[in-house]
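Right after this note come the structures.
Next, two complexes with subunit A in common: one pairs it with subunit B, the other with subunit C.
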Partner chain A sequence: MSASNPVLIIGAGVAGMTAAVELADSGIKAVLVERQETVGGNALDLYKAFPTDDCFYCFEGNRWRPGIRKCFYRSALIDQPNISLKMNSEVNTISGTPGQFTVTLSVGPQYIDPKKCTMCGLCLEKSKAFHLISPQCQPQAVVYNPSINDDGAKQAEEECPTKAISLNAQPTEEIIKVSDIIIATGYHEMKPVNMDEYSYGKHPNIITQLELAKIIDPNGESNGVPLKPSDGKPVKRVMMVQCVGSRDENYYPYCSKICCVFALKHANILMQERDGVQVSVVYMDIRTYDRYERYYHTARESGVEFIRGRVSLIQPREDGSLDIVVYDSLLNKYLKFSVDLFVLSSALEPPEGTNKLIESLGLKSASGFVGIADPKTENEVIVGDHIYACGTALGPAEVPESVTQARAAVSKILQSRK
Partner chain B sequence: MDDNKSAALICTCGKQLQLKYDFLETQVSKMNLVASATVHDFVCQEEGLAKIAETLKANDGHLVIAACSSQKIQPRIDQYLKSHDIDSTQIQYVNIREHSAWVHKDIDEATKKSADMIRGTLARSAKAVKRSVEQKEVSPHVTVIGGGIAGIESALSLSNLGYKVVLLEIKDELGGHVQSLPVVAPTGKSGKEILSGRLEAIKNDKDITIMTKVRVKFVSGEQGNFSIHYLSDDDEEKTLNTSAIVLATGFKEFKPTSMEEYRYGKNPDVITQFELSCMLSEGKLARPSDGAPIKEVVMVQCVGSRSEDYKKDCSKLCCTFAIDNSLEILERIPDATVRIVYMDIRVPFENEMIYKESREKGVDYIRGRVSMTWEHEGKTYVRIYDSLLDKYLDIPVDLLVLSSAILPSDGTLELSETLGYAVEDDGHVKELYGKLRRNETRRRGVVAVGGITRPQFVFEAITDAQAGALVIHNELQGGTIHTVARGAVLNVDDCVGCSLCAQQCPRGVPLMIEQTEAEESDEEQKILFKAAIDTLNCHACGVCQSLCPSGATQLNFLSNDQLWSEIDAVLEGAGPENPITLCFYCEECSVSTIDIVGTRRMEYPASTRLIPVPCAGRVSIIDILKAFEHGASTVMIAACEKDRCHIGGTGNEIAQVQVDVARDILNAIGWKGERVDMFRMFSAEPERFTKAVNEMVKRAKDLGPTPVHDGTAGKWREMSE
Partner chain C sequence: MVVVYPMTEMDEQSGPPITLIDPIDMSKLDTKFREQIKSMPNGEELSACFACSTCTAACPIANIWQYKPHQLIRMIILGMKEEVLSSNEIWLCLTCFQCQERCPQKVRVTDIFFDCKNLAAEEGKVPPNIIGLGKELLEKGQLYTVTADWEREDLGLEPAVPGLSVDSMKNTLKKTRTNKLVEGGE
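Up next, the complex of A and B:
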């Protein structure tokens, strides 16, 4: 048994991070590969996550780090023994046999050494090429945008107290051997640019739910005050429309599962915690499973207007507002609304590269996401021989489901090694 | 205990922090409890780590590191020292970056605040004790209660992880509800198919003992040493020793006999969805009243679910079950009519495609409610209100199928006391924390998986069971628990047997042990029960310490003496000329919030001093009053959100009680109660802290000097001196 070989985890969102920390805690080395410059995936932009309505993620204390729960920003992923974090990196090829995979990684240029960066702020003052993605980002380090290669950046490189900056960093390739693979590639929020009926991308005040999350984030630009992207004026009337690209034969036939709760969470924040905002939701079925019914209750109680039907017409006006005509299937009537912000609850789709991964590893597909290897067993986290998946790589999932799936995947790996 | 002098390392963050380091170094050097003060540029980098190691050695482990957030640098420092075999357990941290230099523009003020907080930390450090790695052997044995799909999968997973498992089932065979499912979406396999491989594996597994027709009566002991008392097959009471417990007792279907509109229990042709599953599984699809063939079927969704009178929430599975069963009916009786009366059809992910398939195959969906059911000349009729057509329809039916709510299984509430888990409003077992710790319960060593926690699809229950096994494996570590003993330590001699700790511990760790051998000369004085705390089971929140009337239980990393001397030292110079707001903050959500405030350079007044505690529940009334005694003008506690306490829900509620009582005391002695308050926060909303701290600084100003400042509370001071 190749028990000494590490486990490759693709994707450092909620699921991937949980898997990495659990494996590391059990003494198994994990190589955590993340395409972006900060870990956290989509969840990093969520601001508040259901079901707990507090931050999107935190880590449990573990054997190695006693305590109870560790906030995301202090997850210390770069300092955890047994975890090798590859930021800005992608899996290139996977070959070999189950239990003995050979993986080539494209490791992007490491302009900033996160172990050296103290976030002192010196470089941020020198050049706009450096920025902090979020105060909660992990690794806790600034990131560098090479397209702004100005004199300030060079000066920052020289003056950085810990010499953490290397502007000439080059991409590299690494070959590693791993015994198991955990796919935790997450999801992508569909950008409905092709859906003419919603005019997304054609008007600044037509946005998606994830984009709305950023607007109402107190750590964001407007400190959480909802402002119109068109003119920066306060938003008073919001309309959300559900099932954009989901339950739609032309796009994705499945239900994206979390958009109703996601939308209602935002509706409740806007109605209850922001001043003078009125929210309407256009829906087909409100799907607040299990205890999420609470969000629906709260929304109704706080005065969110629900319209069962579909949007039939959007007309921008000169003042940046939008006239929306909605067919109400309960009243069998067309209704006209005027709104400041039109928010699309857009489908969750498999991220780019999922297909390639499924094909190259010979996995099954579940509507484009990674499918269960042997459906009869209902072992959802086992997707191949020595290959596991967790989180939204398997299809739409909530944060707690992703965490549980990650633990199940680690549980299965430990079981296979006993 | 003698006070130890500590070395102080003061970091400049690569000379980037705006503090007067020369002044700081001189000030700190003059402090009573300092052995040496050194300014260093990079304590988090290699040279700094080496300096830490060197300083620790020279000072017998007593070191105060004044730098950025310990939340970030401590892991690296611990790791470095561990790899060099140097003990790091006595190091104390103070954050002079996010908590001082980055949030106060006035450099003099920030420097003064930093010096005060270093003085406080030196006092905490003076009484720090070394914590050692302890080892304890427990039996690698786990008991699973409930032999449905979740219980079976738990047993198999735990056995695979190397544990001996006993699987207890109340019925005479394993399999639970899944056995009777004719088809399970989205794979379309029958419940029996899903179970068969697992039942086979479990029977061949030497490490799994299956016991059927067993009823659990009560449980005693704690993680690592539970005793399960149960009634066996032949009604004999027996005991089973085990180290951890998996609760997998599943769900029950609501029987809607009290809902007049459906005539369930009165008309045999009115059945529940699960009863229909059983009929389909057994192949007996006929009208229950007379065995006649079935042509007309009406299914009603949300029977008892999404209802103020029965179950508030959605039962999640019923839509999928109804669609599965209606397709199965159409498969067997192609010319049957199936109508589903619904409010919202809720089918997650690919189940939507089965919903669509059912529409294509002719299942009729009516959005509305059934308003009444009646019998006429041997036939059953239902009246349906169709909300899309705004019309009533009267329809004769052969079978009225009620998609009835999913409730926790019987006995969940009864076992909650003895097993020590908390119960949700809906009767299911309450998870420890909704985002991260779904399988853990309030009681350490008791894990809940499957339908007992919430309605779950089959694959979800299986995932839950696999994850639950990992959680237990993390706790039991194969039977050899090897860890630094960090938590509450109980001095039995000081225990007065009040049992407050055992009642209020958020994880149910302290046990009350009968003092059978303690012979007291005076029978009246004899304490019958005393607490016992296994530090290795402790979550280190300090709730027991804040409640203990005799100081018998104390955290080994933050004793009463440590905190009190820190309060004293940090408030040096506080008084009418220097009104200070003291903030106790929990090292969970609050430290994160305050750190983020720093990272975002959000300013707040420098007349604030901060003291970390592991959980807000660690702060006692006495701690609060000590702060006033030593000159604080106002005191605040920064805690996690309500009902989101990290340690299991009650730590910050205890803190709230302490604050309330402290207020009452202040009011009673003629002070203003609002000098103390509690605030809740999380790091996604950093302004919660700045608002809170501004409010308390304002109150300090508005309320003016305290009587302690005036010296008029002399009596009180004498008593506590």
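Up next, the complex of A and C:
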């Protein structure tokens, strides 16, 4: 086994990025494979993060890095020579033996060189083929949509001041040898289209928490002002429902663990930072575990209305608002509300492709997420021989926990190489 | 990007018909009631309530109440002013403070029910038996007349309570709101 073999990291969310940077800083080469056009995963547009209410890219643990903290991942992911970042890429096959895996990758075409792009915006004016996914996107570069291959795009290619654009870039197949694999494929927020009682997907003002996060993000389209998707008018009344698809044997039997916390984070932002918005939360139990009880307390103090019970029925009105009847099990009464936005705290489920990964590597499954190899050892990041997992690939978790697991996985690899 | 979905599918609604449920219309409730109680003596903690129902578990009498203590607190938070202030429960409360002592969120449950009684009295919503008690107090200067009976004798007590002055009590009470209540003023 060659100690100089790189480590493959699948998924460049918070967990995968942390693992890559920590390995690279310890002198180990890391190949970070991400299927999307930006890294950051689900945490990309989340605005304030619990537990610190800090910006999502500025966690305490990164403060020692030089430069402004927001540049942390940029400098690390692009400039750290030990990290090889593969965007728009997927793992095709994994063969070989533990410690000596052979991996084939489909690497997407690199239309924009992130090391060169300065986000000057020139190309954005030339053609709709270019766009900026989010001001927080990493790598900090525009992305190109090849299906809109117009003259403006060609012009931009010529005029880009840093020559960052290459419209003829081609996808490639790469074969690499790695010693270890870290699975950091994260989670997916369930789209509750099959739950008739919530009418998700049938009315524009019925959304999920992740969709709400985008709406209230000050970097978003309306600068964080909550507007109704139906007509763009201000939102005055919001109702949230907890445990949508979680703790439900018809969907996912487990508690998604953090939806109570992020729902209340959103409720507090709406009540405290946005003008005249009233929030109600319909719940079965509020599970703001550990130190997060603070969010629950703050929510009650700021006047969030809590209704223990379930939604009885939803009636849309002509003006886009929704009449919602809720059964209040504490009062044994039915309450009728009129709301502008109905937000579902939907289950966090394994992302697409997890099953295939679990099967092809012969791993265990834990309710569809990657399961730990030997539950008795309490080594929660070891999922196979030379195979590790961290973050929400193991099941719903907050960022601090994901980061801690990423560091644990790195530390296991470092120990094994001593 | 504003995505507009067709709304027609929503016309066929699922669930029980609204007429059978007859819900409480939240827009008809008094949202200021919560603030009103919070501004009254010892009402500040109201919104800390998380509906654990410890207060109801502690209450020695709530088993016969229609609205239990945790439900009354909840009704205050929701703005069900009318129901709370005309409820019998706030007057049936023994003011034993069991609920308040045990509340894990330091909600001063008993004090809040006291505040409710004051608000109800201001609106003239005092049950007749309570008015009756007030009347008795005004007329007699005391609620329970101490009679010279064998029990006092057995205990070696004087026949009358020494130093008890019901007249000065009556005079004082005339100038209080108790008098106004009994006379049907306010």
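Please note the rule applied: the second predicted complex is superposed on the first by the 398 of 418 C-alpha atoms of A that agree within 3 Å, B and C clash if a C-alpha of one lies under 4 Å from a C-alpha of the other, contacts with A are read in each partner's own complex, and residues count from 1 in each chain.
Operating definition for what follows: a residue touches a chain if its C-beta (ideal position, glycine included) is under 8 Å from a C-beta of that chain, and two chains touch if they have at least 3 such contacts.
These figures come from a predicted structure and were not determined experimentally.
Trainee: Of subunit B and subunit C, which one touches more residues of subunit A?
Mentor: B
Trainee: Does subunit B (first) or subunit C (second) touch A:Lys128, or do both, or does neither?
Mentor: In the superposition, A:Lys128 contacts neither subunit B nor subunit C.
Trainee: Figure out whether A:Leu414 sits in contact with subunit B (first) or subunit C (second), or with both, or with neither.
Mentor: First partner only.
Trainee: Check whether A:Ile286 is in contact with subunit B, with subunit C, with both or with neither, and answer first, second, both or neither.
Mentor: Touch partners of A:Ile286: subunit B and subunit C.
Trainee: Determine, under the contact definition given at the top, whether A:Leu330 touches first (subunit B), second (subunit C), both, or neither.
Mentor: both
Trainee: Once the shared chain is lined up, is A:Lys356 touching subunit B (first), subunit C (second), both, or neither of them?
Mentor: neither
Trainee: Is A:Ser338 in contact with subunit B, with subunit C, with both, or with neither (first, second, both, neither)?
Mentor: A:Ser338 sits against subunit C, while subunit B stays out of touch.
Trainee: Between subunit B (first) and subunit C (second), which does A:Lys233 come into contact with in this model arrangement: first, second, both, or neither?
Mentor: The answer is neither, since A:Lys233 touches no partner chain.
Trainee: Of the residues on subunit A, which ones does subunit B touch that subunit C also touches?
Mentor: 286, 297, 330
Trainee: Please give the residue numbers of subunit C that touch subunit A in the complex, ascending.
Mentor: 1-5, 7, 9-10, 13-16, 18, 21-27, 34, 47-51, 53, 70-71, 74-75, 77-78
Trainee: Write out the stretch or stretches of subunit A touching subunit C in their complex.
Mentor: Contacts found on subunit A: 196-197, 199, 201-204, 221, 229-232, 286, 296-297, 300-301, 303, 305-306, 308, 312-316, 325-326, 328, 330-331, 333-338.
Trainee: Under the stated contact criterion, what part of subunit B meets subunit A in this complex?
Mentor: Residues in contact with subunit A: 13-17, 41-42, 44-45, 68-69, 71-72, 75-76, 79, 157, 160-162, 184, 187, 189, 193-194, 197, 306, 312-316, 344-353, 356, 387-388, 424, 426, 433-439, 454-455, 458-460, 462-464, 466-467, 469-471, 473-474, 477, 483-484, 486, 539-541, 587-589, 591-592, 595-596, 599-600, 614-615, 640-641, 644, 646-647, 682-687.
Trainee: Where on subunit A is subunit B touching in the complex?
Mentor: Residue positions touching the partner: 22, 25-26, 47-49, 51-60, 62-63, 65-71, 73-74, 76, 79-81, 116, 118-122, 132, 135-136, 140, 160-162, 217-219, 223-224, 246-247, 253-257, 285-294, 297, 329-330, 332, 366-367, 372, 375-381, 395-396, 399-401, 403-405, 407-408, 410-412, 414-416, 418.
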